[in-house]
Structures are given as structure tokens and as C-alpha cells.
């Protein structure tokens, strides 16, 4: 397969960026999108040019490192997967592919397609935990948890923190991300103890960092590689109102 | 935002019910109803609340929208193709258009009552009928109600979501009601306008 | 435990610090007699933790809770991305919630046996002992483990054991446990007890007067090198499976920090013990950058088979029952599809090498859920493995409910690692290694679902107690200055090497060298090894190293974000490390666990251990660039269990 790639290149956070055009031949349909970029980078390095910088690590869709905005979609046009799982067979031969970094005020570009997502960590640091010291835990089965609730908590807990929800949202809102963590803990008795402080601290931090608000468009839900649902945002709101 | 919006939603059916009286050939019931709305003390209180809600809804709406724009200072070269509610993207524009219409509407009716604009506050029936005879006014009026429909469709269910009222069974019901509401109400207003314009 | 020193060295005999007394009481006794540091003094002590996987994050948070000042480092943009996140199957604990006869001793025994009697009894017993606390702690942290309808925790069985003791969160147990540890780390960051340094790669260890006193890290965004001092350094840097290039590890996982520690004098133990995981998705194309694991838990319900006829190219579903060879059930009737990983991997390779493999490459076997779906219904099977099935379908386009999965072994976990004593300290005072980075608990082969258990146990419940015993003597050092000559020299050396890599200006990329190294290692030092192959591999690695230092190209400079430079440094270390790894495999003239030497097998093709000569931990000491490393032997004494031939028949 052959592709024309329009990739955002930006030397560092202060530099002005622009799109560069690359032509890449001999792409196998079985390659993942990142492997296709690896092949491009190999070519660039062999020509002693600066390769395209992008984040990636586990390459099995669970670490949340990778993420780029491909042809108008975070993680590309296929729903419910990360960029590392995006196979080139989903693209037409000779297609022009536009690749952009996540765009949001709290996600400044570091280089090319790499953005600084530490804002997501900051939100977690503000309250995304249960305050229990090592050694202080009671026997695990001493507190039974309804299976449905536990399963629902799990469904929220699988967020990988990639930031696709922020990238997709027209308001660059991190509401889905925050709601996933708040939901996980709100649904479990272990998390209920601090539910009030947690939801307020996390929402306040999110606002402070400059993320937008939720206008219920559902772009986050449509693009979330782990299919976290909008229902959790409703739960986040409920938890927030209840906290007063 | 959501609460103010939901409150505003309540006002529309009342307004529509009164407007339906415009279809009668006798101006009396409409004018009476308009007069009642203008002078009954309880309604006065509700009117103040309504204005407060409107003000909150509009100002907060603009405030949030500006914040949301600022949250993405550098946009994408390729516009989003995410599978999302198209209505939600244009809320600020549908809302602003409705605001412009509202101002026009106030010039036509409300400001007359306040005495700011010339006209007979006792006979809104004739004022309305006269306006609906102007084709340009009708075009604006009908466009605005289509926009209102679009605005309401997203607003209705969105408000419930924002209030945290999301439910496995009830959310689909709310969505259906939202669809009905956003078609029937603006449709009703439009129906009155078209009937008067073309058939009276 | 005595050490026999192989070559003449100046090294003093070092001890394992295993407490006296019966196995069952060692840890209790240790805990009640270990020296403590009062809380006011802990505030004055700094500890560096490198890596934020399950062991690193749990250690940093537990140390933070105790009041130490912790500096935590990771190369990723966030601590949450460390590769523990990808562990799928589960986490073991000796809770005996099933009333099926489990106990701490049985878990300990299963680990020792699974490790083919090459692990240290005392450490393993302790790991089994703290496993229950680990489950309690994660549950309290809000980790959503699977539950039964009555609200209690559910368990499942796992390869190599006959009890059901594995706690799980669907196929994402590692993610859930890591995020639990990440949340406790975040709590300590919010309290100011831990300072997080993400996007930092630790490029050297700094020793002052023989003690670990800090690290040189490179800020991966600006490219600047930084000096960080501390009273102790903890390496939680994970394994080195990426030495095979294609493995189930994250592509940036590396051995550089551990390797640098080795070069500074830390012993590297059993480097050749690498677990090959039997169930990964086979390689699909030649550009592939990694192999995706399919959890071993799938073997609970899936049956592994190949066509009974050689070169049978029919579709799986067209092959009738009587023409299928369920080779694991045939060879190992007692354990069947649940034999340990090394056994399952070698059996798959044996079938494929004999020409029975399936798929285009012939390098795959089937893992079939047909019978399980028939017996238990599609819903139950979907509930158990839904997300794994989805992942398989995403990658291959095949739905495992309709067609059997294709699987093949892949490099996965490294039992070898830095040598540590009972306190998890390496032979360098003040340098600790925890989790996969150390060698101590898994012997020659790791039992499924015990890596999360060990990592969390080390980080939460063991290191925070044992480290005090060293630090109590370090209180007098008020502040570790980074202005000393030792720091300056180390930093200079780090920069010197970065410059050297940049100056080669050859033609080839770091990744292409890495790929070639991986092929050499897989072919000559993979699942099945022999003397001739290992020697060939060793010479090929040496040639490749020469070529690397002549023909590498890294564009750009070191004073910027430069991913090619990062890769080049890691590959350069691997080119050295690979030689140690092969040397270790060459010197161990026996088969044990994952280390299978063709020369040493039974007539039935099973591993043939040699307890007389090789019941030891091979602890290697660096002797200088391109010099044969020095072997120290820690002989393993078994007091509670008797080494037996590991049989799963």
C-alpha cells in the first residue's frame, strides 16, 4: 500500500509547527499505524533527518501512551481501539492521512505528536485515591460488594488515561476521564468514605487546569478506546451535587 | 444552565397555548389572555423568575462557551468526524439566533407594553396578525423556530444528563419526549404563523 | 549460606542475611527484631525509586507513608503507564477462599516447584506469606476484583497449580493493580512525601564510598542530565524481555538501569532464566514491533491442539475431532492444558518444529474454545474472556468464539535479575532491587499470576521494612550532596557516552540493530538452547556490537527530545548484556525451568536437572569491558522441601 502522510511537525513547545508531507510506499495492511510510522522513521533516520516523535509503549492498547488525531478522529477512524491497535487495513490504498497531536490548552505540544498530559495526573493527584495506609486494610472479604456494582466499577476503572476524550471533545473537556475514576470509587463501599471530598477536589482541579466543560455531545464516548460511557458523567454530576 | 433551561422549557407550552387563540377569528380571547398574563400578580412573579432564568441561561451560556473555546487555543486542521450529536455543536449559534429573535420579538410586543415602543398594548391580536402578513417577518419567524427546535432537541435531554439524571430506562424515554417536544412546540408556533399568513 | 567463589576476586564473601530459625518463623522473627528509625528521622532521609510499575509505585507510596522523602522516576509521561499495566491474568494469594486445601505453604511449594528448585526458599516463603496482605490492601484501595454473587471475591485457577487462588479483574488484573498502586502513589505525591520525576531515564548509578548515593537521570524532554542524590536507591525497573526485540513487553522496557548497576559492581543473577509465554498472538508481519499476549487464563477453558496429520492445511473447523492432536492433554494427562508455561511453550515449539504447526508460517498452534462454549455457554465464556477475545479480534480479524485462536510462544518474563539478599538489597550497600528487576522468587521459571503478587509484596510489605535496617546507620548523613566528584564523574561519563553514540554517524537505525539482536537471541538463546548454538550466538552478538559502534546513525543532539538516542543507548546496553546472558546459559550445563539445554533432557524430552552441580544461583560480577564476567555461586539449600523431578504428567 502507498500513503501520503500529512504530519504535524513542531520542534519543541516554543517553536511554530506546520504540516509536512511524506510519501510512504510498501506499507503492509497488517502493520499497525505506529508500525507504519516506525517504517517512516526508519526511512527518515537513514536519510539523517529528524524522525517524527510520538509516544507509544505497550503497543497492546493498555498503557495509554499512544494517541494521535488521525483524519479527524482521536486514535483514528475505528471505534474502541487505541492507535497502536489501528491496523493499516482500515485505510484505502493511496489515501492521504492527516496526523495531528491532541489539541487542548492543558495539553501543550512537546514535540511533533507528543503532548504533555501531566494535567491528567494532576487531577488524579487531587483526589483519585482511597486514603488507606499500607497495612491498615481489613480482611478483603470482610466487606461484601454487590457483584453488579463491582462489575460496573470495573467498567469505569478500565480508563487508560490516554486523553482521547479531551482530544475529541469540542470543548477539550476532561469530564469523561474524571467521571471514570469518580464512578469507580463511588460504586464501591471502599471509595464511598471520601466520595464528597474526592469529587470536589477532582472537579476543581480539572477546572483550574483549563479543561472545558461538558455539553453532552458524546464525542468522548464515541472515541474512547475503552468505551467508557456518558452515564459515568451523569454519575459524576450526581456525586458533585451530592457533595454540597 | 440546565436548571434555567428546563425552567424556560416550561414557559413555551403556555405561550403556545395562548398563541393558539390567535387562530380564532375573534380577537377577544387572545387579548384577554394576553392581558391576564400582563397583569395577574402571580404571573408577574413568574415573569420575573422567567427573566432571571433567561438572563442566567444566556450569560452563563456565553461564559461557558468562551471558556470552552479557550480550552482549545489551537484547533485541528481536519474538523472532527466523531460520531456525535450534531445539534450540540451548534448550541451557541442556535441559541444566539434565538436571542436575536427574542430581541425582535420584544420590540414587537413586550416593549409596547412597557411603552418603549409605539403601539396598542390592548390589542396584541391585531399586532400579531399584521406581523404575520409580512412575508419577511414570516421567513425570520419560521427560521427561528426551526433553530429553536434544534436547540431544544439537544437541550432537553442534555439538561437531564447535566443534572445527573441518567437512567437505564428513563433516559431513552426522555430522549423520545425531547424529540416530540422539539417538533411539536416549534411546529405549533410555525403552524399558527403559516395559517395566519396564508389563510387569513 | 556460603558462597563458593569461582575465580579469584577481591570480593569478600557476602551473605544472604537470611534469618535463622524455621522457615515459617523467619519473616515474623525478622520483623520483630529489625532495627527501626523514628518518624522524625525518617523525614530527613531521601530514597530514590526508579520505575513506577507495581513494585516501584507500591514501594514509593509505602515509603512515603512512612515519612521518608521519596523521589520517584519513570521514563514514561506518567507513572500509570509502566508495563505492569499489561499483566492480564491475575494475582495469586493463599487465602484459601475456596476451601480447596490452599495454604501459605502450598503457594510457597508451588512457586518453588514451578521455579524448578532454583529459587531461594526463605524469600519465596515470605512472598507467599505477604500475598494475603496484598489482596486485602488492593481491595481497600478500591481495586475492582471480580466478585461472586454473594459479594465475596472470586478466584480462578491458573497454570501449574491444582487450587483456585488467582484473584482477577477480567483480563486486566495488572492494570487494576497498577492503577491501585498509582492511586496510592498519587496520594503520597499530594501530601508532598513523594516527588515524581516522569520522562526521566536513569542512565547511571552513583556510588560514594562504595554506597549507592544517587543517580544520573536524563530529562527526556530537554535532554539535560540531572544529578539526584539520596540515602538509598531502589531499582524497580522490571525485566529485560525486550532483548528478543519481539516480546510481550512494552517496546521501551529496558535493562539499562540494572545494567549500569551491574557495571558498578552489583551482581546479576541467573540472567539466562527467561520465561517464554506460551500464549501470544503469532507474528503477522515482518515490521511487527511487539507480540501481544493472550492471558494464560485462557488455558482454563481453551484446549490446545494441532492437526494430527503433518502439514494439514484445512481450516480448523473442518478438521474432525479424531484428527486433532490435543498434545498437552496427551503428554500431561494430570495437568493437561494447565501445565506450567515453560512446558507448554516447549511443547508448542516441538510440534511446530516437527511440522504440525498451523497458519501461513507454520509457527502457531490452536487454542480452541468450542468445547468450553458447548459446556458452559457462550455467556459464561464471554464474561470470563470477553475483552481478550475482543483484543484478539481487533488484531487478527478472527472471532475466537467461531474459530480457534492461533497462538505461539513469546518472550515474556525474566526470572533473572539483580542479585539481592533477604532484605532485597544488592551486594552494593544502599542499592535495592524489587519486583521483576531482582532474581529472588521465581527460580528458573515463574508460576502464572505470581509476578503481580511478588511485585506488590516487595513494594508494599517487604522493602519498606527491610530498608530501615540499612538506613538506620545512614541518619548521620544529613544531606547527600550532588556536588561531589563521584557525581561529576558519573555525569561526565553519561554525557560522554551520549556524545559517542551521536558521533558514529553511520547508516543504520538503533531499531534495526535491536531487531537483529533479537533474532540472534531468539534463535540461539531462546526456548531451546545448546552449546553450539550459544557459542554461535555469542560470537554473532559480538560482531553485531562491533557493527553497531561503527554503523549506527542517531540524528540530532542530546540536548533535546531525541527518541533515537534513547533507543540507541538501550540497544548498546543490550548488546553488552546479551553476552552475559548467553554466557550464563552456556555455563549452566543442565536443563531447569525455562532454561532448556538440548544436551540435558530425558528420553521423553523433559528437562533434566542436575542438582548435584547446579543447585545454585549464578551471580555474575562485572570484570571490565569485553572481559569474561566472574561467577559467584550461591548454593541453594532446601530445608523444607525436597527437590524432585518436576512432573506434570
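Read from first to last, the chains carry the letters A, B and C; within each, the first residue is number 1.
Everything below uses one rule, namely that a contact is a pair of C-beta atoms (placed from the backbone, for glycine too) under 8 Å apart; a residue touches a chain by one contact, two chains touch by 3 or more.
These numbers come from a predicted model, not from an experiment.
Relative to chain C, the chain whose mean Cα position lies farthest away is B. The central chain of the assembly on a C-alpha centroid basis is A. Mean C-alpha positions place chain A and chain C at a centre distance of 27 Å. The distance from the centre of chain A to the centre of chain B, each centre being the mean of the chain's C-alpha atoms, comes to 37 Å. Centre-to-centre separation of chain B and chain C, using mean CA positions: 63 Å.
The touching residues of chain A, counted against chain C in their complex, run 12, 28, 30-32, 34-36, 38-39, 41-42, 44-46, 48-51, 53, 55-65, 80-81, 85, 87, 89, 110-111, 114, 116-118, 120-121, 124-141, 143-147, 150-151, 153-154, 157-158, 160-161, 184-185, 188, 190-191.
For chain B in complex with chain A, the residues that touch the partner chain are 64, 67-68, 70-85, 88-89, 91, 154, 157-158, 161-166. Against chain A, the residues of chain C that register as touching in their complex are 58, 61-62, 65, 76-83, 85-86, 95, 97, 133, 135-137, 139-153, 169-170, 172, 175-176, 179, 182-184, 186-187, 189-190, 196, 198, 221, 248, 250-252, 284-290, 292-293, 390-391, 394-395, 397, 460-461, 464, 505, 507-509, 511-512, 553-556, 560-561, 563-564. Across the interface of their complex, chain B is touched by residues 6, 8, 19, 69, 71-74, 77, 79, 98, 100, 103-106, 168, 170-173, 210-219, 222-223, 230-231, 233-241 of chain A.
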